[in-house]
Amino acid sequence: MSQEPEASASDVTVPDALAPKDQSRARIDVSAVAAMAPQRVETSTVFECADVDVYYTDFRALRDVTLDVNSHEVTALIGPSGCGKTTFLRCFNRMNDLIEGARVEGTINYHGVDLYQDEVDPVEVRRRVGMVFQKPNPFPKSIYDNVAYGPRLAGVKRSEIDDVVEGSLTRAALWDEVKDRLKMSAYGLSGGQQQRLCIARAIAVQPDVVLMDEPCSALDPIATGRIEELIAELKTDYTIIIVTHNMQQAARISDMTAFFSVQANEMGQRTGELVEYAPTSLIFTNPDDPRTEAYITGRVG
Amino acid sequence: MSVLTTPAGIAADAADVLRRRPGADIAGAVFRWLLIGATVFATGFLGVLLAVMIVDGWDVLSGNLWYFLTNGFSQRSAAESGVSQGIIGSLQVALVTGVFAVPIGVATAIYLVEYAQDSRFARIVELNIRNLAGVPSIVYGLLGLAVFVQTIDRFTKGASVIAGGMTLAALVLPIIVITSVEALKAVPDSLREAAYGVGATKWEVLSRQVLPAALSTILTGTVLALARALGEAAPLILVGAATGFLSFGDANMFETFTGPYTALPVQIFNFARLPGADWGVNAAAASVVILVLVLAVNGLAIYLRNRFEKQW
Amino acid sequence: MSLTQDRPELTAADLQTSRSRRARSHTVRWLFMGAAAVTVLVSALIIWTVASEAWTYISQVELDKLTDIGWFPRRGLFDLSTLLVNTLQISVIAMLVAVPSGFGAAIYLSEYAHPRVRKVMKPTLELLASVPSVVLGVFAISFITPSILTNFFDDINYFNKLAAGIAVGLLVIPLIASIAEDSLRAVPLALREASAGLGARKVTTSIRVVLPAALSGLMAATIVGFSRAIGETMVVTIASGGGDTSLFNLSILESGGTLTSAMAALGLGTDQVAGNNLAFQSLYFLGALLFAITLVLNMLGDVIVRRLRNRY
């Protein structure tokens, strides 16, 4: 019964996830990172963030974040828990608006448009900037209706919905597994399938950006591997920003990495800040900041 | 005695137990049986109640139940009297109650859970609902009498089914709000976020995701609230159900809703007030009818809730 | 890093939802808020009508009529102490019935009962809460007095406060049991384990650890139950009598009107009493009194429950 870790690892092409813990913590597979990185097509800036602060009522959760996000790249946000990486992610589609007392200061430009000006409707922002959540959260409806929900809201014609559903599920590498049971409840799918369904649901409204908030944290290594493959494929069509607590994952899939850290003030309030933002290959091989190095080599966090 | 409230006291008690044989925990056994007795008393009287009513009302229930259910009140004799007016009146009143209380109650719950952030108005509404829930039912009768019967009589035509239904609507409103609030709060935020995440407006999130997910629980609460309304007599006495008799046969739909009426619990009250044993038989038989009605509706609601219980 | 734009310039206008979707979402918000405002309006109307009519009464009644030989509203004698004492007697009897049995059932269900027993008993208690109060009134005069109380008291009146109190108690049991059970279950398991870890018997843990920890919740259950007993109308009107006219007496074996049954009696004859000797306004005065008493009790209970909830 006992499975050889090496054998199963080669099966699913996610060696790091299944490799012995002590090794993977200490040593990052640089060759894998290098192989991933520089197939860069022509990119443009999707988001320009300048001096972004996020407050929850009086509490400052994040301060002075300045960074640009490029199109058709995977940008990873990493850092210890409580460092504000999820908070920052939720600024890009104004999801923080839903939290009572949350306030975003500074500017976030989306293709040159200030996201937080009065004329901008967060509903349309979220249509263009989709989101995949930490725990798979399909609607309690059929697989088909889950994917069709967004396009219906956006006014896609009834006759075209079938195609959109099929296209999105195919793109999310789920179509073959579910095409015979589209009318069945999404709750009958496995966790990994549910998360891919959520990805299909997100891309069904043809967004420009997909935000992912630790999308694999509730999944087993095999399902994680499939999602990671999917992310690499989706990059050609979408800009992806992903929060992850798994540094190997960031190293495997991202082009740029932003490392956040957290500092407590004299009153014990913990405020997150951006420590370093650089191409992933650099962050993991030659970080500028000693805090980044300490974190990725496993000495802190 | 008070030693036992301290850890040392409890430990001493435990040591005492160890010295005895394990089976000799007499105090524990007595306590346990007292509790079982209390529980049997608390729940068992429903059986006694039903049995007593069935026995007392047996003459009517065994002999001419159909006549009893399909004929109206007769001042001449108990034997000629039935409860059809009460049953129809109660159903009509419950209908009006539902029409007013359900939309307002559910909408208020939606406001409190989905819209009201921690505003002053929201706090007032919440406090207000909690207090309304504790107001004695007869006080709602005063509201009905002064406002629904007298002030807006051009709409209700005085002491009518509509006035009675509105009075009970005010009575069950807090129940519907409270159960609906709980139903909406039980819908996980991840569902809302998922819908917002694909670009839904607030109303779209509510109408297509949150409300469908909460619907079965809201329905259960509503059914329970209407069952409560079915059994209420006190407020209806003040708004004119006691002296009214349903005018049906010669009246059209609209007229019955604006005309005089009575309700089943009020009829039971009237039977119970009349002197003579044969009226007592009627009161008991009508009690069986209302118990069966109310318990059936409640049982249905509880069944529905257990059936559709969500495991988020 | 290239900065070439691969798509036409985006403007803020592109980041807007269609006007109709926005408008719909915006409009419904006001509908929900309006519904919430209606619930506040209900409270405001209750307070305003009750208070204004009560004020008419207070400003016109001769104060010495408020302390007289009894409650004879149509003769202009409004002895409040008669009604208040009867109300208090009946409510205290009700609590003597409901508290031991309600607490006993609550302790049994939360500490002792097998989950499967709990699963059956909880819905049964809820079902009991829906028994219409008129039925318990009938139960009191057709069973509690003739079949039980006459065995103990030879000279008991057909209408008497004792039977009314017992029946009100039966009615209040589910409410008390439910609040008490909630507060017992709010006691953290760790406390029980700490006690058991010292080797304490279950009875010791229940009485010395769990009950004291839940004390405020049990108090709240008692207060809210008491308030409910004071506001109960139909049982008292049917079983205790004396709502229309009542001579002051202290015997619980005699009949006697309460705040609520006096209101019901006045309400039954609203046509006759209107404009007669202030009797009509006295109805609202009693309502105001009842409203104030139950409001204070309920708020007290509410504060205690909330404090308990915040503790754990």
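As written, the chains take the letters A, B and C, and residue 1 is the first residue of each chain.
The rule is simple: a residue touches a chain if its C-beta (ideal position, glycine included) is under 8 Å from a C-beta of that chain, and two chains touch if they have at least 3 such contacts.
Worth saying up front: this structure is predicted, and the values here are computed from it rather than measured.
With chains as nodes and touching pairs as edges, the resulting graph is complete, every pair of chains being joined. Of the two chain pairs shown, B-C and A-C, the one joined by more C-beta contacts is B-C.
Centroids of subunit A and subunit B (each the mean of its C-alpha atoms) stand 49 Å apart.
Measuring from the averaged C-alpha position of subunit B to that of subunit C gives a distance of 13 Å.
In this assembly, the C-alpha centroid of subunit A lies 52 Å from the C-alpha centroid of subunit C. Touching two or more other chains at once are residues 17, 21-22 of subunit C. Within subunit B, contacts with two or more other chains are made by residues 199, 201, 204. Listed for subunit A are residues 123-124, 128, 153, each touching two or more other chains.
By the touch rule above, subunit A contacts subunit B in their complex via residues 93, 95, 98, 100-101, 123-124, 126-128, 130-133, 135, 137-140, 149-150, 153-154, 198, 201-202, 204-205.
Of all residues in subunit B, those touching subunit A in their complex are 117-118, 188, 190-201, 204, 208-209, 212-213.
Residues of subunit A that touch subunit C in their complex: 42-45, 70-71, 110-115, 117, 119-121, 123-125, 128, 153, 155.
Subunit B contributes residues 4-5, 7, 9-11, 13-15, 17-18, 25, 27-28, 31-32, 34-39, 41-43, 45-46, 48-49, 52-53, 56, 103-105, 107-108, 110-112, 114-116, 121-122, 124-125, 128-132, 134-143, 145-147, 170, 173-174, 177, 199, 201-204, 206, 224, 227-228, 230-234, 237-238, 240, 242-243, 265-266, 268-269, 272-273, 280, 283-284, 287, 290-291, 294-295, 298-299, 302, 306 to its touches with subunit C in the complex. Against subunit A, the residues of subunit C that register as touching in their complex are 1-7, 9-18, 21-22.
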